[in-house]
Amino acid sequence: MDDRGYHNGFGGAFLPEILVATFDQLDAVFRQARNDPEFWQTYENIMASYSCRPTPLTFAENLTRHFGGARIYIKREDLNHTGAHKANNVMGQGLLVRRMGKTRVIAETGAGQHGVATATMAARFGFRCTIYMGEVDVHRQRPNVFWMQRLGADVVPVRDGTRILKDAINEAFRDWVSNMDTTHYVLGTACGPHPFPEMVTYFQSIIGKEARQQVMRAENRLPDRVYACVGGGSNAMGIFSGFADEATELVGVEAAGRGLDSGQHASRLCAADASVGVAQGYKTFFLQDQDGQMKETHSIAAGLDYVGVSPILAGFKETGKARFEAVTDDEVVEAASLTIRKEGLIPALESAHAFAQAFKEAPALSRDAIILINQSGRGDKDIFTIADAFDDPGWKEFIIEKAGQYGRERSPAS
Amino acid sequence: MDDRGYHNGFGGAFLPEILVATFDQLDAVFRQARNDPEFWQTYENIMASYSCRPTPLTFAENLTRHFGGARIYIKREDLNHTGAHKANNVMGQGLLVRRMGKTRVIAETGAGQHGVATATMAARFGFRCTIYMGEVDVHRQRPNVFWMQRLGADVVPVRDGTRILKDAINEAFRDWVSNMDTTHYVLGTACGPHPFPEMVTYFQSIIGKEARQQVMRAENRLPDRVYACVGGGSNAMGIFSGFADEATELVGVEAAGRGLDSGQHASRLCAADASVGVAQGYKTFFLQDQDGQMKETHSIAAGLDYVGVSPILAGFKETGKARFEAVTDDEVVEAASLTIRKEGLIPALESAHAFAQAFKEAPALSRDAIILINQSGRGDKDIFTIADAFDDPGWKEFIIEKAGQYGRERSPAS
Amino acid sequence: MMEKYINHRLKEKNILLMTHIVMGYPSFEASFKIVESMVTAGVDLMELQIPFSEPIADGPVILGANQKALENGATVQRCLQFARQVVASFDIPFLFMSYYNIPYKFGIPAFVDTMATIGLKGAIVPDLPPEEGREFLTEMERSALAPILIFSPNTSIERLRYLAGFARGFVYCVARKGVTGMDTDFSRRLDEYLARCRSATSLPLALGFGVKSAEDVRFLTGKAEIAVIGTATIQLVQERGVAAVAEYISALR
Amino acid sequence: MMEKYINHRLKEKNILLMTHIVMGYPSFEASFKIVESMVTAGVDLMELQIPFSEPIADGPVILGANQKALENGATVQRCLQFARQVVASFDIPFLFMSYYNIPYKFGIPAFVDTMATIGLKGAIVPDLPPEEGREFLTEMERSALAPILIFSPNTSIERLRYLAGFARGFVYCVARKGVTGMDTDFSRRLDEYLARCRSATSLPLALGFGVKSAEDVRFLTGKAEIAVIGTATIQLVQERGVAAVAEYISALR
């Protein structure tokens, strides 16, 4: 591996020696695929016939009217099979796994979204599959655990560390160092050691490619601003890839959680408590203390609740190639609510971060300005979280009733 | 209204006098739209930019191999916005509502799927929206109630009759006879008084149009058999529309529930306890007693749990233009489970009826036979039902825990 | 036959009263007592509703009565038996009211024959427009029974005339949009509507939906031949029992 | 320096023992006692691990010890203080072991200077391949400290040679795939692997991952210069307390 994937000083591959050969192989296969013109075609075909690519671009007429500013377009990654842009990445990596002749995949998952996507890919490709998931997340995101199991995956609750996403990543690496001969680790976002950030970006760039063509077809010019939420950074890198031009401003939106000063957020590019470090195999901005120990993060959107961030985006931050903002949980719920009522679209809480920032800016833009929001996923997967965010009494009653029913089944005597 | 929509003696418009003028208007606007070549184009455009039409055709390589018989193709209506073919119908009717200059829509819903679709359409078109839903279903399908409310719809629990789908339909009619000047009733399936069966079929025919082209492109010939589940009959009519040729056998699959002899099923075209009658404004096969009183129905799939059936399909039954079969709840759960594991596709329990019947027949067909299954919707909306069907202990624990949390919130003292 | 009866009665009264019961609600015994009270209190015509599981044009009160009657075992046979008893006991015209599926499942000719044998005078089938009712109308004609057709406020004048062509006995004019059991605004607009109905038929006009007080009946006097009281008596029985019916009806006119 | 020490000791012993502790686990007091017992029992070298929140190459036992130590307040400063105390008290070479983020956040030059000042002899950083470790290696060289590089069973011979070019003191040969704390199969394949390692470097070889019994140590005698005991002692402390350490170590060789 000669190119170590540095982007303005961020990235690299800080690997235990045991994994070096595995990464050399992965890097080689990825390069080969990338240079094979047929490979992208195969990838596009599978995404067209198994998921529904190209996903549409929807003009948000009602929101545009509501804000009275820029014309708002929405890229509909929520319509992907399994409900988010995660599908793009996993199906792409699935093709590489097949090329490498491996028969098993593992993945980390936080929200469960990437776990479901990977388990789906594994079912379709016929790979064995193990998903690592922090125990806290297993409890928070039970519906996704249920689906992963139905899909034939082995879901392993990670009881170490803070028992959330980053711990699941560590655990996946521990599996990998034991089983690299048969196993590929399907990393879920544009993070981790090189070549993962580049590889995930490569597969997600299908979003930007399509969106660029679609905006051009609709408006005959490029958008003024493109908004994407930033967890690990894969959906943002995906859509940004289509708009590398100077003309379009790229806006990445992080989770400010309960506020950037609250200590309860997940902003690595906008917050004072983030700094450059090396963990989980790569160098980027991490939420860490002075010693370099990782901090706990918080976001209403489980998929943004991560300590690190794509080294490519960290590079963008340094060079000013993208602007980064952060919005709070409350702003996110409000933006989601408005989008649901005005357009009949239910953005994932992750995606709703991008909407919230766009809504702040749209009114001040002129009526011929064009903005594009990446709806990275659909929110109906989040009903437990969204219902809690809305504090919905009917929902709570339903759950209490349902629990009563299950409780009675368990103790038929009582 | 001159043509009263009879299909081999089934159909008609058995309307209270107060609604006759409303139906005349609807019929006229529908005819007009149908004769306007631009209308279909507008419809296709909205379905392409707001939902993700054309939905893909997926070759089920693993299932094909598993059964060792016919080549199995799946039409992916699950990828539609809101997760089912219901989107096609509601968006189409939305365009007609706009043509009629009405400002409010109402709908019945059983599973909640059509209610969510209608509420979504209303949000997008800017219509006011009321959804009638049997009280029993409100409790069973709470997640969908939650989404409808978020979408701005008024969800009215129907406490009359058996408090399920048919009662919701009656209640919607009662609203309509009071408010027809401003209000359109968005019926959810190819049932009800003329022109609803024809109109819903017209919009759903987009499924068959696409599927025909897609199969031809993939195989250069028509499929031997096409399978669709039959609740009211809209997804079946939709896909069948593309294959009116003699060459293709059309197979409609009903819900045999706990067995056709159990008295707990929803089969109107295969069961001895169904007979021709007139209710809810049209003539068809109903599950009714000797007096003509409607019976209670049962299916594991809430969307198939209905006493009537499309008069067009009743006509097909009489003429032999389609074959009808029924599969039990247990067969359905098994077919869903297999499809999830083998292909990474999660069919709605409704759709899984079509899969179950296809799986019975596929092994006996030759390897060059082609069969097509309509996956009318996605199953992740059904997690409460599916988890119950699988009797998943992890899920139950999760719900009991969640309820405990809600319970504690309610009584902070205890 | 019925028309003649109506005109005859109108010589003694300014307006006739038609009431409505759901057979078997709250029980057949009670139903019989209600009929008895009503006839004694001077009611001129009565609708006997055969309960149906999907009474699409009825509001919550009558809907609830339909369900309750069915739960209590009000089969069609039992209703026919009840009707036989009532017709034999009281000397006013009785009509059947039901949704089309009931006669349809029974068999139209057999149903109409049975009606004739029992001595009913006609039938109201709210979900059967004449376009769908060819067989039913023919059979009714053959048995000299009156099919009661329905006019509505948004029926065009052409269609009023078309409907009138099939009507016998009298025409049932629905006072307003909506289902049974909601309030009606008895105002000038109702006058205009009734005038329109009048212009389309020479048959007597019955007006129903929302009629419930002496005041309502007074308003209608001179404008319609028959005031129809439906939901109001069912509500009365629910609230104050069968015994209250006689007094209520007597006070209406 | 360290290489010399090792060769010197090997004149007295057939094989050296290197042990490992996580500083601050279960407490700094206990850590000190453990070091004391080990040195007294004849251990030849020791790794002092600075706990890190993401110890990616460690198995559950050491991972748990890292977490526990952090929860108990094992800051980097406290660990440096502990190391100072230990180096001053015991006369064997001590090495730091930690993940790269710890020295990186401290500042590489300052970290290496501090190590030298304290009197540590080297450092093992399992997530720092030489390609990423230019600055670190340069600083270590400047301070005459030994960067301990890691060989693994699937490292190619070319890369073994490449790694050897940066190694000082000795080379840490990982016995097998996987993380610390899992069983290792001490067999012929291990011989072949060690022979491969030997062919790439003239430095002494330490073998670690899964070494836990006198039998294992015997197997390694004559094949490697150093047997590394990591997880085993932590497990021992957990199960039988600090007091059991001395006896366990003495019995290994």
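Going in written order, the chains are labelled A, B, C and D, and every chain counts its residues from 1.
By our rule, a residue touches a chain if its C-beta (ideal position, glycine included) is under 8 Å from a C-beta of that chain, and two chains touch if they have at least 3 such contacts.
In this text, all values refer to a predicted model and were calculated from it rather than measured experimentally.
By the touching criterion, once chain B is set aside and every other chain stays in place, the chains split into these groups: A, D | C. Chains that count as touching both chain A and chain D, per the definition above, do not exist in this structure. Summarising the inter-chain layout, the chain whose CA centre lies farthest from the centre of chain A is C.
Centre to centre, using the average C-alpha position, chain A and chain C are separated by 65 Å. Measuring from the averaged C-alpha position of chain C to that of chain D gives a distance of 98 Å. Rounded to whole angstrom, the centroid-to-centroid distance between chain A and chain B, based on C-alpha atoms, equals 33 Å. Not a single residue position of chain A touches two or more of the other chains. Those residues of chain C in touch with two or more other chains do not exist in this structure. If you draw each protein chain as a dot and join the dots that touch, you get a simple line with two loose ends. Looking at which chains touch one another, you get A-B, A-D, B-C. Across the complex, chain D meets chain A through its residues 52-57, 59-60, 63-64, 67, 70, 75-76, 99-102, 104-106, 126-129, 131-132, 149-156, 159, 163, 174, 177-179, 182.
By the touch rule above, chain B contacts chain A in their complex via residues 48-52, 55-59, 62, 76, 79, 81, 83, 119-124, 126, 139, 142-143, 145-147, 149-152, 337, 340-346, 380-381, 383-384, 386-387, 390, 392, 394-396, 398-404, 406-407, 409-410.
Against chain C, the residues of chain B that register as touching in their complex are 4, 12-18, 20-22, 160-161, 166, 170, 173-174, 177-180, 275, 277-281, 288, 290-294.
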